[in-house]
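The data blocks that follow each hold one structure.
The same subunit A turns up in both complexes below, where it pairs with subunit B and then with subunit C.
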Partner chain A sequence: MRWSPLARKEARTVAKSKGVWLLATLLVLWSYRPSYVGWDGLGANITAGYVQLAGTGLLPLGVLLLSYQSVVGERTSGSVKFIVGLPLTRTEILLGKIVGRTAGIAGPVSVSFLVLAGIGLVNHGLFDPLLFLGVVLVTLAYIGVLVSVAVSISAVAKRTVTAAGAVFGVVFLPFLVFWSRISTVIYSQVTGRPVNPFDPPASGPLFVLHRLSPSGAYNVVSNWVLGVGNSASTYSSVLSELKPTISTNALVVEATFQPGTVPIYLHESVGLLILLAWLVVPFGLARVVFSRRDLV
Partner chain B sequence: MTEAVIETDGLTKQYGSTVAVDDLDLTVTDDEIYGFLGPNGAGKSTTIGLLMDYVRPTAGTVRVLGADPQADVVEIHDRLGILPDRYSLYDGHTARQHLALVSNTKRASDSPEQLLDRVGLGDVIDQDIATYSQGMEQRLALAMALVGDPDLLILDEPFTGLDPHGVRTVREIVHEENERGAAVFFSSHVLGQVELVCDRVGILHRGQIVAEGTVDDLRTSADVDADASVEEIFVSITDEAVTADDRAVEGER
Partner chain C sequence: MRRRALLTTAGASMASLAGCLGDTEYTITNVAVTAAAPFEFDVTVTEPDAVIEHPARLEFELRNRADQPLRVRNRGVWPFGLLKLVRSPDAEGPGGTLLYTEQYETSQYVDIESRRNYSTESTPLVQTLASGQRFSETYELHGDGIRGAGTAYVRGEHELPIFEYTSGDSDEWQSFTPEIAVTITTKQLW
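Up next is the complex of A and B:
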């Protein structure tokens, strides 16, 4: 592909930055969280659960921070004149940016997964390598989705601060931190029915709303791989919720719906479609704006 | 038989109420070295931005190498080398990596060592460009423009930041490239160099060409002595344009 040299350059830029290695180091500390409920539910495969925890909170923040400047920063500095001067369409430039940044982040982050695997192996014993690999692949795909969102914002923003504000205020806080609360409020406002998350109604729309965010969809898909239950919460909350004596604020399909009454759109595979939509839709919109605009 | 490598017709670029390029008709042929001169803010870089599809015209048409800069960007940029103005290179990357980005994208097979040798940057090929001086960056950027033996070289203020050796190198390269068969379009306000380099010059003033021709043509048409320097010609022509503009404004009152 014509844009692969650009992608290689992008990957090198990120992989050589201090930020990505700081992220990789912090991810190990952030994700290694042994728990009784986790051990009880997953056994040695709790190590794969750590990878999922890596994908919640810290990793999205890091990925967004490592990507929001990717286009607008080059416009500000003037280096964009070189890449726009290459025989590439504007769409190819964005593709090269997204693919390259994703690879540049995925490399160091994979190293932290290897370290987690080593720690898990020593402390918890042999885990199912395919299951572990499955969660790793879902997490790497999730990185690609987040890079795509951040690069898209970067392609549309006119100034670096605008891009920073947008990834934080429009993506990170509402969709990656507060989404479960926001989605509950939206549901209550629209239906007029208050929701007690500790005893949620068996409502398809409420549950689907919860998993429309990138983090919700990521959890659904990674929980599916882990085999803990159908939910947009982290695996440990799901395992707790599914214990008969414990109630948490996690919305878990198996804990709320009677068998056979689960709407088809709550199937875990729909989580993949939601992630795909986050990968494609912001990019598609950004592509149109970026292709039409003046770049200097 | 010469062909136009750059052809603009009524080309206009407005930013809000400011007209940066105003109804510009410009033709550059495939065998010439064309010097694009003008005072600061005359619209030189904006014109180059329009040729390069960095920015889009408000009105009028542009053809570069016979094609449309926007629709045929891949085809055009494949055959064109650009040294932009007010650029920045990629810190943390070496000269070799910068050249590789261009030559791999263009699928050219130039040797990076030879390219750097031509611009006088031999022994720093594997150094991080963060350690480069401004003149070294300018030489590297010029080398990037030469990748793939382009049919058209666009150089925006190529003498920026160069010492006299560097200035001479640019001049020699421009001639070499022209002899190889490339057309060269360069903007500058380093006027002493222009006469030594250009076949033809155009003087841009407030977004319009106010004079065009060989330096000798301009010397004849401008109100200057027979041995006037390019600088004197330039000042005379642009001053005259200013006065003419002012008279036009007076007339409107």
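Up next is the complex of A and C:
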């Protein structure tokens, strides 16, 4: 744990920045979305659902913005010399950056979750604290995944603008914003079968493709904790899709597959493995490049 | 600084959406009822807020002011039948927001799957309301069915606008035509 002082410094730097507190404030406004379908499905536990909504859109954007300069920014400013001068391997530097930055973001974001809990308690009544805590923990793990991806890009990129472009163009837009559409197109191109998202085929590969993105896997796992259904869409879309008279473009396993025909790889726990892969694989690739690179 | 500016801009845009992203909740601020003899008819708001946690509630109360018994006819449930909110006092035909009562579930003449999917048997339900006798029924107005703030009007789903009545053994049924205007406003989330 030689990297822990670096992690602590990184956490302090992030936690003291205005950006992360601005993100925490906006998260409350962004996530508090009372919905009739949400209340019908979750009751007072809709408050835990708000935490999941925090993880869609604004949180990934904020985390990526707060992380993409973490290494490349220090290279371009020259301050990386001090870090390289520490008795740390390159792997430890990356670990310290990821762990520290995750902690620095997780603190203020947890405060916003506490505020959401307070608002939910006042407006909707007592909710299940364990369920709420479960969704919070999944969301904090998701933050760690996003930080890992952004720091890895930052470690590989030679210029800040390259890192920014990669974070938005290679991660945020395709994997966090447009993935459901992209995955449907990929499936249609590969199989030659067009997909109507409002009446999807009971195809395991299509469903697994949908949940390969970090946001898809996050939704699968958080929906699992919330107990609303097995899907890579948000809980409110899942609850709407499961209503008998409503059809949405959310791919929900329970609404498409007959009982007993669901492939084992569509179990919600596989979402955890996908998140783990997004945490480890970018880090591993970045470690290889970062270890060989002349930083000064 | 660019990162901060970008985050600020994105944040401000999203903050402006706050509250808009949740479902709209409503409050009934007024119910104006105009009814003529031979009935005393009133609608009381017992729960004004149609929010995600619960619907608004309206209590419909009917009293026979005539000196003789009156027969009241409707379909589905007696005496008010299936009621709905419509946007225009002249509205006829399908459409509108169903006002819900638990009577729909217990009535053998109503087949209700959801508040948007229901049907009624055409069997007329006729019962007598004695002179001076009162009857009341509470109906719910669910916020997810409201089509926006403004004034809406209560209509019967089948017997326009509410029900039909006659006295004695007469077969000349007359329409009971109160005007019930419900003023609905948007409830602020914050």
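As a convention for this text, the second predicted complex is superposed on the first by the 296 of 296 C-alpha atoms of A that agree within 3 Å, B and C clash if a C-alpha of one lies under 4 Å from a C-alpha of the other, contacts with A are read in each partner's own complex, and residues count from 1 in each chain.
Everything that follows uses one rule, which is that a residue touches a chain if its C-beta (ideal position, glycine included) is under 8 Å from a C-beta of that chain, and two chains touch if they have at least 3 such contacts.
Computed from a prediction, not measured in an experiment: that's the story for all the values here.
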**Request:** Sticking to the clash and touch definitions up top, decide whether subunit B and subunit C on subunit A clash or fit.
**Result:** fit
**Asked** Of the partners subunit B and subunit C, which touch A:L65 in the superposed model: first, second, both, neither?
**Response** second
**Request:** Using the touch definition from the top, say if A:P129 reaches subunit B (first), subunit C (second), both or neither.
**Result:** neither
**Asked** Looking at the overlay, does A:K16 come into contact with subunit B only (first), subunit C only (second), both, or neither?
**Response** first
**Item:** C-alpha centroid angle, subunit C to subunit B via subunit A, nearest 10°
**Value:** 150
**Prompt:** Touch check for A:G85: first (subunit B), second (subunit C), both, or neither?
**Reply:** first
**Asked** So, A:G118: does it touch subunit B (first), subunit C (second), both, or neither?
**Response** neither
**Request:** Check the residue A:W39 against both partner chains and state whether it touches subunit B (first), subunit C (second), both, or neither.
**Result:** second
**Prompt:** After the superposition, what is the least C-alpha distance between subunit B and subunit C in whole angstrom?
**Reply:** 13
**Footprint overlap on subunit A, comparing subunit B with subunit C** = none
**Asked** Of all residues in subunit A, which touch subunit B in the complex?
**Response** 2-6, 8-9, 12-13, 16-17, 77-79, 81-82, 84-89, 292-296
**Prompt:** What does subunit C use to touch subunit A in their complex?
**Reply:** 3-4, 6-8, 10-11, 14-15, 17-19, 21-23, 25, 51-53, 113-114, 116-117, 142-144, 189
**Residues of subunit B touching subunit A in the complex** = 49, 52-56, 73-78, 80, 82, 84, 86-90, 92-93, 97, 100-102, 104-106, 141, 144
**Complete:** In the complex, subunit A touches subunit C at residues 18-19, 22-23, 25-26, 29-30, 32-39, 46, 57-58, 61-62, 65-66, 69, 124-125, 243-245
